[in-house]
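The structure that follows is given in the form of structure tokens.
Per-chain residue numbering starts at 1, and chain names A, B, C, D, E and F are given in the order in which the chains are listed.
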Amino acid sequence: MKKVEIVVESIHLNKVLEILERVGVSGYTVIRDVLGKGERGIMAGDELTDVFKNSYVFAVCSEDMADKIAESIKPILKKLGGVCLMSDVMWVKH
Amino acid sequence: MAFDLVLQNILNPPILMFLLGLFAALMRTELDIPQPLPKLFSLYLLIAIGLQGGHKLAKSGITPEVLKILVLAMFMATLVPIYAFFILRLKLDVYNAVAISATYGSISAVTFITAGDFLHKLGESYGGYMVAAMTLMESPAIIIGLIMLSLFAKRENNTPLDWKELLKEAFLNPSVYLLLGTLLVGFVVGEKGWVAVQPVFGDLFRGMLAFFLLDMGIVAGRRLGDIRKVGIFLVAFGILLPIFNALFSILLAKFFGLQKGDAFMYAILCASASYIAVPAAMRMSVPEANPSLYVTMSLAITFPFNISLGIPLYYFFINHLWG
Amino acid sequence: MAFDLVLQNILNPPILMFLLGLFAALMRTELDIPQPLPKLFSLYLLIAIGLQGGHKLAKSGITPEVLKILVLAMFMATLVPIYAFFILRLKLDVYNAVAISATYGSISAVTFITAGDFLHKLGESYGGYMVAAMTLMESPAIIIGLIMLSLFAKRENNTPLDWKELLKEAFLNPSVYLLLGTLLVGFVVGEKGWVAVQPVFGDLFRGMLAFFLLDMGIVAGRRLGDIRKVGIFLVAFGILLPIFNALFSILLAKFFGLQKGDAFMYAILCASASYIAVPAAMRMSVPEANPSLYVTMSLAITFPFNISLGIPLYYFFINHLWG
Amino acid sequence: MKKVEIVVESIHLNKVLEILERVGVSGYTVIRDVLGKGERGIMAGDELTDVFKNSYVFAVCSEDMADKIAESIKPILKKLGGVCLMSDVMWVKH
Amino acid sequence: MAFDLVLQNILNPPILMFLLGLFAALMRTELDIPQPLPKLFSLYLLIAIGLQGGHKLAKSGITPEVLKILVLAMFMATLVPIYAFFILRLKLDVYNAVAISATYGSISAVTFITAGDFLHKLGESYGGYMVAAMTLMESPAIIIGLIMLSLFAKRENNTPLDWKELLKEAFLNPSVYLLLGTLLVGFVVGEKGWVAVQPVFGDLFRGMLAFFLLDMGIVAGRRLGDIRKVGIFLVAFGILLPIFNALFSILLAKFFGLQKGDAFMYAILCASASYIAVPAAMRMSVPEANPSLYVTMSLAITFPFNISLGIPLYYFFINHLWG
Amino acid sequence: MKKVEIVVESIHLNKVLEILERVGVSGYTVIRDVLGKGERGIMAGDELTDVFKNSYVFAVCSEDMADKIAESIKPILKKLGGVCLMSDVMWVKH
């Protein structure tokens, strides 16, 4: 299985989740209020206005789906910044 | 005399607490008021101002005078973002011009509240309907901004604006909703209802404002460093436009015969800029614009200017005209 | 007359704030009171009600009348989850029947507090020992529920219940502990001690309740959508069982000669359902039950019903019987 | 070394940590208040009642231990839901 | 008579709430006051004590008497960590001796506030300048500790101390900054300014203290289990050193003719140990020292001892000497 | 690409970020207030004094940089505790 990890500005989190839903992953996990630094500068959180905060999402899915996610997410990353990572992982099924 | 007013404004616990927060950030102490405490204070202030306004409005009633003020409020909320946009286009691209003009077309509730506290200290007052005027003025700038955007910007992938999402963002944003809602609650509960909540939403008001402004000072202080990135044109804009808006609205108010306290609060609304509702809408709908510009301008330039020098300055003009 | 009571109950800041929160969620504004602010409010309310109750109890003393009420409280806290269980078994599996019956056997402190505010507004009052009755009624339903479970359920891997963990969960859960503890503190500090904390735990009480109910409204509103999943049987159960419990307890109270205010608060306790303590215990001990059922029922059906229509309804009956 | 990642409803976190302790891992890291979606629906957090919240745990350990964890965790996943992932990782030792 | 004082101290809402929190942790209830609520309370208390102190100071003026007290404060803040260090070196390595002696050389604002509440209840009072003395006493111990470190420790990789970082940590730490700043604000706003914020920073003070001490009790209770790890020597140190510091400072205060209330608060400052500012500095600058030692000692031994038995004990001595 | 993951006591987070900056990674992501257990005992957070809390950082970078990070971080891990992990990951570039 593939683990797809995405970091995106919190305000645009919904767009990422929509992609995951559309591709049909069986589930995902979200960590809100993640900080970071990247091309678009430091995202250290601004308490009052709530700008400059990221969210971190990961979803485990088949290689197939992972590729589809990668395809759909590229334009979003281009417009809104963020990163998308893929790696191999074994899912322990009960 | 004007200097006297400045001093009288500054030697007030809320303003001093703001300065205390500002210096804390500038001197890099680690003083910090973490979320969601600032949220608690801002929710509190919105609810308190709404309930108080509604309670006052119930006493005064909804008169033609009130309707006149609401129309004047809508007028400036529509006009300001338009002329702000064309001024900004002299130097900026469409996206940033849209975001900044929307920011200045809207209002800052905390500036309004601080100005109300200043009036209160001078023994003067304003009508409860001014809170209604404030809520009316929060959102139009967002709509105007996005109309400007669809008129003047060439959207890359031609994604059309999501108008539904947008109108919701504009008219159901939390602070508009909360102000309107509590205005209504304050209006209908009557004297007995108000007395029940007054120990929290009345008596604590000025102390809570002081507490919250400590935090506003810290946040503004942290953003001060970004002013260099903003550039001299936008810094000047962040001070001169509010003054212009205030003077313009004062003349309007005089022309239409508003009362002194109301005219002052009206000027404050026109002069202030949004740093919560509009930035949130802009980051969603105009991600091409740079939030370090519009958030910094509104929070680290216009807000501190307004509450320290703007308030006595506008009051000084009004004092002259109304005597 | 009954309609009058409803209006008088609704035109109260706390209830109006609840409705404001409810509509905020229904209209999908992003109004939100993030954790741990709701926790601050609920801790505050528990402490305040405990201290007030203890202070009142110290004045009135612990009389036979008080003991009678405590016994009546225990009686209903044991009986309700039993008959609720058998009614629920008509349609549900054992696990969900256990969880829901335990939820309705326990109480909701905020319903109690809101009802107290309603009484207060009518110029009536209740004894401080009713707070002691409330704490007694929180936990028995958990125990009863788990006895039902071990009697009627075939546990898959035959894991025996962890009774120690469970009794701890039932009797040392934070709200029981805090209520009992502050009741004791209020009891022993005397008049001077109470005066020291009254500005916080007395004067602010009704405003804080209004603030907290705004949040309860938002949370209940978000859960409203889940009502469809709950099904007509459980929706009816969530309204009819509280009414039945209230009427039953009112008759008991009349029979045993309780005072009017005490009888009303007693009925409220029997009619209300838990949405914090019991759900937490059930998720731990009966993970097979579906929390979307019992949390939604208690929070989005019974709680709103009780504080809007239930309070005036139960009061209406009591008014008839006590005159 | 293996990295074992587990997402579980927060209220049952202790059961997972007990397993890790029993197997004898040298350490673990926990992120509380993680949101997610899976078989059992959306876990978006409920402010008041504190239901519907996940925790995320990871532990780095030998392949051997990882297998033991997988074994012990299966019945828990079955009863309580959640996911358990394994992947290869290099531990930089000082 | 001494027992009377203990009782009078304990039967006070703040102390009882502390005990309530302590037992909650010991009985492993899940009662919890999550961050940032404790932060809200501690910010509130610091601001309130600063504003009150400044307001009192403005009334009394800055007299030679005040300057004398400030010098005495600095004297003890420098002396205590030195002799504490040499006592601790009898059993501990340099790193832990530095961290613990710095902890005890500094002060605890909450102990100070609780003692002030005790005085208040007895109908006595202290000068506003004592708050200034408190802020002066927070930081010297950090500097002394690090001087000790550079004199006596062989740093492994010979990294020199970052003195700039350190002085900043010592003198711009948030609580020192906030106390000094609000002292100044309280000093300059005058009567009218104080009245505006008094409903929050005056009237609520004692209730908020009670609320916060509930949390302190929980945290102290959770650390109680670590006392075993601390060892008998350090437990004794955590009780005897405060008593010694208090007696020593009481004699100093008598010798220099301080007033009764001021002498009492001075003794409290010398007897109390830091659990926020100094631990933070030590974890940064002396990571070799074990925080489970110095945090546990200050929070689970000295703090509970001081607020329960220390306060009446020191007062008992002072009563004898001042009559 | 390599994913470098680091868990460190929150108070020392800045030292880790300085290393990342010095090595020249293009970005990083930080999750604050992570709990954990390791050689130095349980880090379960202490509400009042804010001791005993970890932060979790990850950075994606070239294998080269990852090695440099490993080198620079070892003395820090030795002095302050914490863990540093490396694994393979694919970066979906737009």
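Quick notes
As a working rule, a residue touches a chain if its C-beta (ideal position, glycine included) is under 8 Å from a C-beta of that chain, and two chains touch if they have at least 3 such contacts.
On a predicted model such as this, the values are computed, not experimentally measured, just so you know.
Between the contact lists of chain B and chain D, the overlap consists of A, C. Of the two interfaces, A-B and A-F, the higher number of touching C-beta pairs belongs to A-F.
Shared numbers divided by all numbers used gives the overlap of an interface; between chain C and chain E this overlap falls below half, so the copies present different residues.
In this assembly, the C-alpha centroid of chain A lies 20 Å from the C-alpha centroid of chain D.
As a whole-number value, the distance joining the C-alpha centres of chain B and chain F reads 41 Å. With centres defined as mean CA coordinates, chain F is found 46 Å away from chain C. Centre-to-centre separation of chain E and chain F, using mean CA positions: 35 Å. Counting partner chains per residue, chain B has residues 33-36, 40, 204 touching two or more of them.
For chain D, residues that reach two or more other chains under the stated contact definition are 31, 75, 87-88.
Judged by the touch criterion defined above, the protein chains form a pattern that is neither an open path, a ring nor a star, and not fully connected either.
The chain pairs satisfying the stated touch condition come to A-B, A-D, A-F, B-C, B-E, C-D, C-E, D-F, E-F. Taken in their complex, chain C has these residues touching chain D: 33-35, 38, 42, 157, 215-216, 219, 222-223, 275-276, 279-280, 283-284, 287, 291-292, 295, 299. Across the complex, chain B meets chain C through its residues 35-36, 39-40, 43-44, 47, 51, 168, 172-174, 177-178, 181-182, 185, 188-190, 192-194, 196-201, 204.
Those residues of chain F whose C-beta lies close enough to touch chain D in the complex are 5, 7, 31, 33-39, 54, 56, 70, 73-75, 77-78, 83-88. Chain B meets chain E in the complex at residues 11-13, 16-17, 20, 23-24, 27-37, 40, 117, 121, 203-204, 206-208, 210-211, 214.
Considering their complex, residues 3, 26-32, 60, 87-92, 94 of chain D touch chain F.
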